[in-house]
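So, here come the structures, one by one.
Consider the two complexes below, in which chain A is the common component and chain B and chain C are the respective partners.
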Partner chain A sequence: MHILKNLLSFLSLTLFVACGGGHNPDQDLVDGVPRSQSVGDEKFVTVDSSDQLEFGDGTLSGVGTVRFASDLESVASNYHYKLIFSLEEGTELTLHSHANADLANGLDIRFKRVGASLQVFGTASGVTDDWTSFFKDINATQAMAIGIDVHNDEPITHFIFWDNLSGAELLDSAKDVAGGPGKGYGQNWGLSLLNAFVNKVEKGEPRGGH
Partner chain B sequence: MVVIKFRGLLFVVLVSLFTLPAVYSQELLSNLQATGAADFVSTVYTSQEDERAFDLNVRSAEFMVSGSIDHYFDGLINFAGHTEEGEFELVLHEGYVSSSKLIPYSRFRVGKFFLGVGRLNQFHQHDWPFTDAPQAHNTFFAEEGVTDSGLEYTFLFPTTHFFELTAGVTRNYCYGHCHADVAKPPRPLFYLHPVTFFEFSSQTGLQLGLSYLNRKDDAGIQTHLAGLDMTFKHRQGKRLVWLLQAEAYYQDQGSDSVDNIRQVGGYCLTQYGLSPSWLLGLRLDAFSELSMKFQTTNQKRDDLDYAIVPIVTWKPSEFSTLRLSYTLDVDTTKGDKDTVDQLVQLQFNFILGAHSAHDF
Partner chain C sequence: MRAILGKTFLTLFLTASLSAFSQDHGHDHDESHLEEAPVVLAGVHSIEIFKEAFEKDGSSLGAELIGFESKGVAGDIEVAVFSTSGKDKIKSSLYDCHLHGASAHCDFLEESDSKDYQAAKGSFTAEEFELAAVSAVTLFEEAIAEPSLIQKATFWRSYDLFSSQANIQVKLEWKNAQNAVAESFLYCHHHQHGDGEAEMDCHRQRKAGPFQP
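Up next, the complex of A and B:
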């Protein structure tokens, strides 16, 4: 009975312990960003000079780096990103995930068009993996729709890619290669454009279970 | 992890050990103890609508052979398979040689094994007193447990009171569930686990342990993990009247170039035995990321995830278990609305053959 009484007391305590609610200054940032400064439904702030970025109609193009106003729940978290974008010859688009506010110390997934091919690189902690061979069926001369899972709460962060035009899974870095280049250590995500055109970007729950 | 390529041939060999004619099997198996186990889990209800499905699953199946190699050494080989995204993958879970006969008051093992830290990390999933691991275990160890290849040494102090100290050093190429090795780490992983035991009677005992683990990965991220574990058992004959099991850990991860991530978490299980076969349990989990901050102001952001897990277990014998559990999972973070998830799971597992008893 003594043990049961103590357990009930502890149970009652946990039921009333809650850290939720309260003021969220990060949400203030999101609310303060004008609707015109968004890609799809994702509002952003510029990380460096935005002179060469074009936006306002829900798309984003040009040269520059943006950090999305809605951050990631925690460093140890998993997300699914949907990207719809176009690249001209030699241009690049980089997705930053689990990075700090300057989009450093995170996971960088870089897409670069060379001819009709799409080159893809993953970088973390100074290590870069070349995943290009897994994207050989992608036609980089037309608009691309790529789905990306980033699993950063596992001992080895790994990535899963889908071609959302065909529905095919392109790469699971945990199974197809040696996991990934490293881990991300922040709660921010964003994009770096080098003359890329982004139609849409979304962030949501991971698509792959593991 | 070593993925066995010739799975079919391996399966045939293992099955043959059970089906050889009696005279041959007696000679071959006289020194061997062979055990098979399978674990099935099904979701009965989940509050997450997009995950509702009939998902009865063979979560794991394993085959283990152990025995004396000679006068000095013992050996153990454990193959285990797990279902991952619909695919069943068989891997070497443990494979090591051990001895308690070479060095006085000592035992050691060399090979691949579950790291000798904590409590839950040293047990196979089918031996757990609950279905799913607490969040703290998933985060600090892995979904089932951390295995690695290396050397572990345990010294039993020659005192009247039980006290032993375990120290281990392992490769550190992979920590947790990995599908492949990653880049060479700067140094091995090492750990310490001192344990003491209080025997109140032949049917009642308390084991206390401390754990410390340190590793540095190829990216220069250093991990310090420290914790304590407690297990209390009180039996009346075959009935396990009370089982109290708790673990708590603190982890600090970081390097010169990234901010440290600090996390704390644990669980406490209280289980009461109505009879030798029927057990009622209640597990409370808690986990918090202490270093969470608001990105705009850099102010600390309070975070607490907790779960309440009532469990009903029926054990017709020591070889089979049927378990029903309900999980109320609450995620609270300052500035966000609380997230509440509910899950009801049904588990069945069985053991074929003789299974070595755990020390306590």
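Up next, the complex of A and C:
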């Protein structure tokens, strides 16, 4: 009996150590974020003050910056993002990709509504490219659905954009312009809102073939 | 007479070889684009000739091949094929070319002295340089200007530390609408299609990449 008790204790201790010794910190973060703090299926944490952000029903709006809990696999990686969002006059939405935990030192894609037009800028390493002319067919007065490939595992990071309402490819920065503004050096992604309304955001495998 | 027949055979052989090689590679590479850029076509032909000469004693051309620079000079096209020449050295093999449609006749002129040069890792075959040339000229025509405007073309092997990938860098000098010399920069890398076929895929960039000879 005494031996059996010791054996059970030993097995319990072994199991405890085994279960506690390995864990995925990334999954811990995702699991630790309440479901109410998400846009679609993507959970987020706030990067700065969240006083002016509204969320809880699967959408995100207002003013503030969020970093998504599920980070990118590696710095040298490629992803496809789907954004469904609306902008009032003069308001902005920025997608951050391949950035550090503060969403700096990465790739910033900024959308700004001016009248019925959508202005689009790409920034990296202090360099900003104006891609607005490629979005002239977008009606910024209604909800927009934009697909974005970010290819950050190549000598020159490049971007491909689609209008997911019409299905049209809008811009391939590796072809239509001289590449991109620079590279991203982190594994985080997120959004900065300046009175924008985000219905949905998704991250997945790259859609473009090159 | 024998010399004329020999040179004609070499010219025809090179034309046929380039055509057959491209057709073997699944995806449709429009070689006619190279004809529209004589300077680039001459560079590709010169690399083939260089390879023939290099391998005539049974050697296999590999990482020795660095690239080429081709430019129009007074109606002719001069091509310098770059290759390694010992440790951390590079030399140029110079050719004078005349083009007739898709065929070319290139005469070897001379070999330059070696100079210091740190070569990039990796290697690309003569065929891969041709694939890169086709993709580069296609992209140039789609996005920049008419290939016939290209006056000088430089292709060279490079390596990117961030992505740990070898690539072929391209610099094209061409006459723009204002009759000024413009420069366009590309890089080309291996791209695997879903069906397993590979090609050299080219992208535009703002400036020349590293390891330019």
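Here is the rule we use: the second predicted complex is superposed on the first by the 188 of 210 C-alpha atoms of A that agree within 3 Å, B and C clash if a C-alpha of one lies under 4 Å from a C-alpha of the other, contacts with A are read in each partner's own complex, and residues count from 1 in each chain.
The definition used in the following text is that a residue touches a chain if its C-beta (ideal position, glycine included) is under 8 Å from a C-beta of that chain, and two chains touch if they have at least 3 such contacts.
Being a predicted model, the structure only gives us computed values, none of them experimental.
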Which superposed partner A:D28 touches (first chain B, second chain C, both, neither): first
First (chain B), second (chain C), both or neither touched by A:E154: both
Contacts of A:N188 with chain B and chain C, given as first, second, both or neither: first
Chain A: partner with more touched residues, chain B or chain C: B
Chain B versus chain C as contact partner of A:K175, first or second or both or neither: both
A:A76 touches, of chain B and chain C: first, second, both or neither? both
Chain C-contacting residues of chain A that also contact chain B: 76, 153-156, 158, 174-175, 177-179, 183, 209-210
Residue ranges of chain B in contact with chain A within the complex: 84-85, 139, 142, 174-183, 218-221, 242, 244, 257-259, 261, 263, 268, 270, 282, 284, 286, 289, 292, 294-297, 299, 302-304, 306, 308, 330, 332-338
Residue ranges of chain C touching chain A (in the complex, touch as defined): 139, 142-143, 158, 160, 162-165, 167, 184-185, 187, 189, 191, 193-194, 201, 203-206, 209
Residue numbers on chain A that touch chain B, as the complex places them: 3, 7, 10-11, 14, 17-29, 71, 73-76, 100-101, 105, 124-127, 153-156, 158, 174-175, 177-179, 182-183, 185, 187-188, 208-210
Complex contacts: residues of chain A adjacent to chain C: 76, 153-156, 158, 174-179, 183, 209-210
